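First the structure, then my questions, so here it is.
Here the chain labels run A, B, C and D in written order, and each chain numbers its own residues starting at 1.
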Amino acid sequence: MENLIALLIAAPLLGAAVLLCGGRRLDAVGHWIGTVLAAASFVVGVVLFADMLGKDPENRAMHQFLFSWIPVGGFQADVAFQLDQLSMTFVLLITGVGSLIHVYSIGYMEHDERRRRFFGYLNLFLAAMLLLVLADNYLLLYVGWEGVGLASYLLIGFWQHKPSAATAAKKAFLVNRVGDVGLSIAIMLMFTTFGTFAFGPVLEATGEATEGKLTAIALMLLLAACGKSAQVPLQSWLGDAMEGPTPVSALIHAATMVTAGVYLIVRSADIFNAAPDAQLVTTVVGAVTLMFGAIVGCAKDDIKKALAGSTMSQIGYMVLAAGLGPIGYVFAIMHLVTHGFFKAGLFLGAGSVMHGMNDEVDMRKYGGLRTYMPITFITFGLGYLAIIGFPGLSGFFSKDKIIEAAFAKGGTEGWILGGVALLGAAITAFYMTRVMLMTFFGEERWRNQPTASPAEPDVEPAAAHHGAAASDHAAAATGEPHPHESPKVMTIPMIVLAVGSVFAGGFFSIGDRFIHWLEPVTDHAHGNPPISAGAVTASTVAVMVIGVGLAWLQYGRRPVPVVAPRGSLLTRAARRDLYQDDFNHVVLVRGGEHLTRSLVYVDHTLVDGVVNGTAAGMGGLSGRLRRVQNGYARSYAVSMFGGAAILIAATLLMRAV
Amino acid sequence: MNPVNYLYLAALLFTIGATGVLIRRNAIVVFMCVELMLNACNLALVAFSRMHGNLDGQIIAFFTMVVAAAEVVVGLAIIVSLFRSRHSASVDDASLMKL
Amino acid sequence: MTQQLAAYTTSTGEAFQFWVLGTVAVIGALCTVFMKRAVHSALCLAGTMIVLAVFYLANGAYFLGIVQIVVYTGAIMMLFLFVVMLVGVTAADSLKETIKGQRWLALLCGLGFGILLVAGIGNAALTEFNGLGQANSGGNVEGLAALIFTDYVFAFELTGALLITAAVGAMVLTHRERTERAKTQRELAEQRVREGKHLPPLPAPGVYARHNAVDIAGLLPDGTPSELTVSKTLRDRGQIRDVSTEALNDLKALEQRAEDRLERTNSGKSGEASK
Amino acid sequence: MSFPLLTATAVLPALGAIATAAVPAARRTAAKWLALIVSLATLVLAAVVLVRFDPDGDRYQLTESHAWIKDFGVRYELGVDGIAVAMIALTALLIPFIILAGWHDADPLETGSKRWRPTQGFFALILLVEAMVIISFEATDVFLFYIFFEAMLIPMYFLIGGFGDRAHEHGEAAASTQRSYAAVKFLLYNLVGGLIMLAAVIGLYVVAGNFSLTQIAEARANGTLDMATSTERWLFLGFFFAFAVKAPLWPLHTWLPNAMQESTAPVAVLITAVVDKVGTFAMLRFCLQLFPEASTWATPAILVLALISIIYGALLAVGQRDIKRLVAYASISHFGFIVLGIFAMTSQGQSGATLYMVNHGISTAALMLVAGFLISRRGSRLIADYGGVQKVAPVLAGTFLIGGLATLSLPGLAPFVSEFLVLVGTFARYPVIGIIATVGIVLAALYTLVLYQRTMTGPVKAEVEGMPDLRVRELVVVAPLIVLLIFLGVYPKPVTDIVNPAVKQTLSDVQKKDPQPEVEASK
């Protein structure tokens, strides 16, 4: 059975290789190859899962050693895999949601001439992501870690001819690189501390290391997690990453890749457990991000960016939970999985809306779409209910547990964290209701509204490619969109995900199934909140209702203006990502530009100048000296004569002395 | 009178000749000045001969004369051919060494 | 006489001779350097050399004294004069210095060098003069011959070789071998036509009958001299006599005389001019 | 006596160079093929060396030793250790690609011209450089090494000064002026370095009495050769200076951007991927073995210089407007990593540095050669003159991206392995320096991606429209390099197996041991 693990990665990797090297002759079948191989990987995952269920919970982990990768002195890196319950959860999520999104993309990218390549990149992503969660040491995890970064880079910048997409892709890669530095330093620290960086030995040896070292390692891991999971302060790339095609946003920037940071923290649980300071920092990062994302999500008019803010916020919950230690790990992962379902569903729904609206993303130009695209409306609505934590749906179970665990942290910290989480839940309900109302309810603001005109340079070009019918092209030309439901190949994945959003949470929670499943890997401790669990649940529901109500007052009762009003100070700040990008731009980009420019100048004038100056000095000196060599024999004779005189004088002087 | 005076005279003549070489541009005059320097040397040699009481100084002076004769022959030939090609006997005109 | 030469001091006669002739020699040397014309320089040098010959004789170098006169003054200086004539007797050098600082440097060096030499001689302990009495006892020429053919025979042979080489060298240097066939008259004519100048023969030099010399440029109708009329060699040497002003003056005088004879007045001429 | 395999490996390209130069003027293509075949034959010989070399055997293998200049104790001594074998393999591997990539770089400007525009010379010079580089890697006699270390400059000078990019924005005359400036700068820098090294070589002879690396190192190790501390330090500095110029290390680097900018892409690859490696290789072989104590003494200063190189080179790469200059500054940054790895004095660092030399050779070759293909299409080196190439020439853009990703050390590609080893090796002994060096990783991503974004993405520029994609010859050049990059990234064990024993011995020369992990140390 162990030998199948490599197959999980091999299938999509093969797909990527074939699709990217295959050339145009595979254009016709490329998307099917990609989808089939993704599905094959899912099937293998299911087989392995079934096998795992049949085993004793304590002995479910499987290992596969392929070959020795980098053996140098005491530095031994192997290509070896480890499949335990935690990895298994991820494998199923990645391959399952991944396969669904492959199917969805067949429809979404139908008219894109580079669809084969798109599927190649998607397969590459799946392979890298699976490598990330299957690696049995941190260095191999690092390979997957950067691999998903690469795939993300390629997919965000898939429409490369748009400068904004190319810039967003670059930004994502760079910000992630900063996080990656954290991971690489963490690995180095592990190597110098433990002499190894394989999961097993490192996590077993945590007791022997000093707390200072462990805190350092944990903080570096947290830095890496911040980069990959878009946590403050490295969150700025996620909003821009929405330049990528929507299936990419759903798969990579909502369901899987961005949650890798949570995986890393939970995987390194033993290290974090031994470093309480680092845990505290983790919870703070999570809390700050969940507020940050939520506030940003409230102000964005771009549907994808609003959802991106929401993603950030939800991952903030997970990181917060992960920072709580054994009382939170399981719930972090559980929220991760349910979030994977409903957020992917929401993004696919958003994609479907855009698909029907000539790739318009501004929600102010939506409205009343529920009658035109009923399936999208229902699936999106179910996802919406799940994310706001409507009782009985997925989000309710997972989020409620996190809030409970936050309170259970105890002391002032517990109250603050719990309060923030609760407030976050209210804001979540507010902004999601806002999205829902602006998109599917209210008046049809797209009437007589030329949406994203094709002349506009940075319009998603998919408008030209996947209008599905010729009439759409005509509509694009006249400007007014004709909302319509998407084809089945797109709606079926949405339906499947909606089902997941509804039932996954309940399924996991009944009988604490998920806790028992993960407990052998992550340890679980039951937290005891200072207030009863029932009270927490009640307040969660209450704030959710308040959030929904406020949103209805704001956007349901009153008509939504087509042009965004100026808004309050907070709104304006939130629209600009709380000025975080401006800060980056002024301090890092501008500063960097000045630095490099002045360095180029320094290199040219100072470093090179010393050399060139020496050369010029020599040249000048020889030029002067050359003038003495005027070519007249007589003047040479003078120097000879003078030289002779000097020689005689010297001789006489020497004799005199 | 001390015969050393001959040496002083020779030194004076030699210096005048040398200065002439440096100052004059006409190759022929320059050449004459060279001859003057040689003659000054000869005078010194003859005086030395007298000083030491042997004839070696005179022998050297004799050789100097012979060599000077050879030098004059070649030198004048050079001047003539230079004049033919450049229509000038100025040493400054033969400045091909100049860059 | 040999006794006297052996003495530390010389006779008064020799001292008198030295001071008088020495002065002459120095003046001659200075004139050699500072005379504008090469001919004058050569003559002055010859004078200096003769003085030196006398000094040789006075110093007991009889053979050298004679050789100095015969070979140096007689032969070598004549060679110089020949060359001077070849290059142009009358051409006077400009003594103006063209190289910046050359003259001052040269004078400075000369002065310094001279002082050093004098200082060196003054410093040397030259108090003992043996005189040539003993060396010349068997005759000066015989003494020299004995040395040349014994101790210095090798140098002597080499000198002979040097002389021969010099002779050959001089011939090689001055001899011009025709490397190509001389152009025929026809070819020369064709070349002139091709170059498009001087198709007719060059004009003759001389102005009227009064200045019928080859170094005088003929005058063009406007009274300016035409260098073309003078031989190329003279032109290159710069030995052209310009008589254009003279000719114009002559013409003016001629006209004046003619007017005087015809009793024309200046007023009439000016009146004519005002027309 | 056995077959002199090492001599043959070096002599074959030298003979090939002569033969290529002797090909008649009109038979230009024949000369190219001859050069290619000779370089491939050299590759075969290098492969034989690789196979015959036993990683676990003696330190120097396949040795040859003949008296040469008896009066000065100069011997013709050759021998290879694992590091040298890796470098020879790299050199022999890259030359065929360089020749193939430069196939048309030295063609006559006007077609049909029979004038001897030096096509033959171009390929002959490349082979000559190969011969000299290979023998530099093989020489175990300091004097012999010195001779070829210096002689290499002559063909390189002509390659830089004589052959530039075909098109140039300021016309051929300006290009020629800049070329000769670059070539002279290259020559002067390296000559100054070489001169100082010559003094040190002579000094070494005065102290040691012979030039044999093995003898001196042995005498140093068992204490029979005692050097005064100051003497050893001066000699070390003399050697190191020359190698630092060639490597090039900040602040002796400014010749590299000029040289790479002005020469054709294959020659630029030759400079940075092959010739410069002699500098870092020589640090490892000569500086550490001959002067172990002085090396330890100088380590802090050198590490700081290397660190400056890494960050400074990367920052300057970000600020460049010229593609080739950008790659040159990136190379300076990478050479900083190599030097860092060597002087970290850990097995990871030095193995990583050796691996880095190999990987950097391949990755720069891939990036630079593709850049060269790009430049030859548009006739401009300026980044701003490109845009949207990805749309018209996707394969070109893809290979360029892979080359760039290799340059930024993406995991899965070969340079990652070496860079990480260098960083880990440095971190183990000097944590602060290791952490600062990681900034270089971020900056590498910045300059690579900025370069890719500005040239390949965005709207298609008018001048770029209709640009042909990679041709078969170009694909033949690039594809194997990329395959190699991926292979060595996934499975670098073949190289590390060869290199590790040699590194171990070098470390024992300087009497250093890897630092123990903390947990074990506390036990």
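Everything below uses one rule, namely that a residue touches a chain if its C-beta (ideal position, glycine included) is under 8 Å from a C-beta of that chain, and two chains touch if they have at least 3 such contacts.
Here's who's who by UniProt: B = NADH-quinone oxidoreductase subunit K.
Computed from a prediction, not measured in an experiment: that's the story for all the values here.
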A-D compared against B-C, more contacting pairs: B-C
Distance from the mean Cα position of chain D to that of chain A, given in whole angstrom: 37
Centroid distance [mean C-alpha coordinates] between chain D and chain B, Å: 65
Separation of mean Cα positions, chain D and chain C [Å, integer]: 71
Cα-centroid distance, chain B relative to chain C, in whole angstrom: 15
Multi-chain contact sites of chain C, meaning residues that touch two or more partners: 99, 102, 105-106, 109-110, 113, 117
Per-residue multi-chain contacts in chain A, two or more chains: 630, 632, 634, 638, 641
Overlap residues in chain B, where contacts from two or more other chains coincide: 18, 22, 25, 92
Chains touching one another, given as label pairs in label order: A-B, A-C, A-D, B-C
Complex contacts: residues of chain D adjacent to chain A: 185, 188-189, 250-251, 253-254, 312, 315-316, 318-320, 346-348, 351-352, 388, 390-391, 398, 405, 410-412, 416-417, 420-421, 423-424, 427-428, 431, 434-435, 438-439, 441-442, 445-446, 449-450, 453, 456-460, 490-493, 496-497, 500, 503-504, 514-520, 522-523
Touching residues on chain C, where the partner in the complex is chain A: 99, 102, 105-106, 109-110, 112-113, 116-117, 119-120, 123
Complex contact set, residues of chain B against chain A: 18, 21-22, 25, 91-92, 94-99
Chain B-facing residues of chain C, complex: 5, 8-10, 14-15, 18-19, 22, 25-26, 29-30, 32-33, 38, 41-42, 45, 48-49, 52, 55-56, 59-61, 63-64, 67-68, 71-72, 75-76, 79-80, 83-84, 86-87, 93, 97-99, 102-103, 105-107, 109-111, 113-114, 117-118, 121, 126, 128-136, 140, 143-144, 147-148, 152, 155-156, 159, 162-163, 165-167, 169-171, 173-174, 176, 236-237
Chain A - residues contacting chain B, complex: 626, 629-634, 637-638, 641
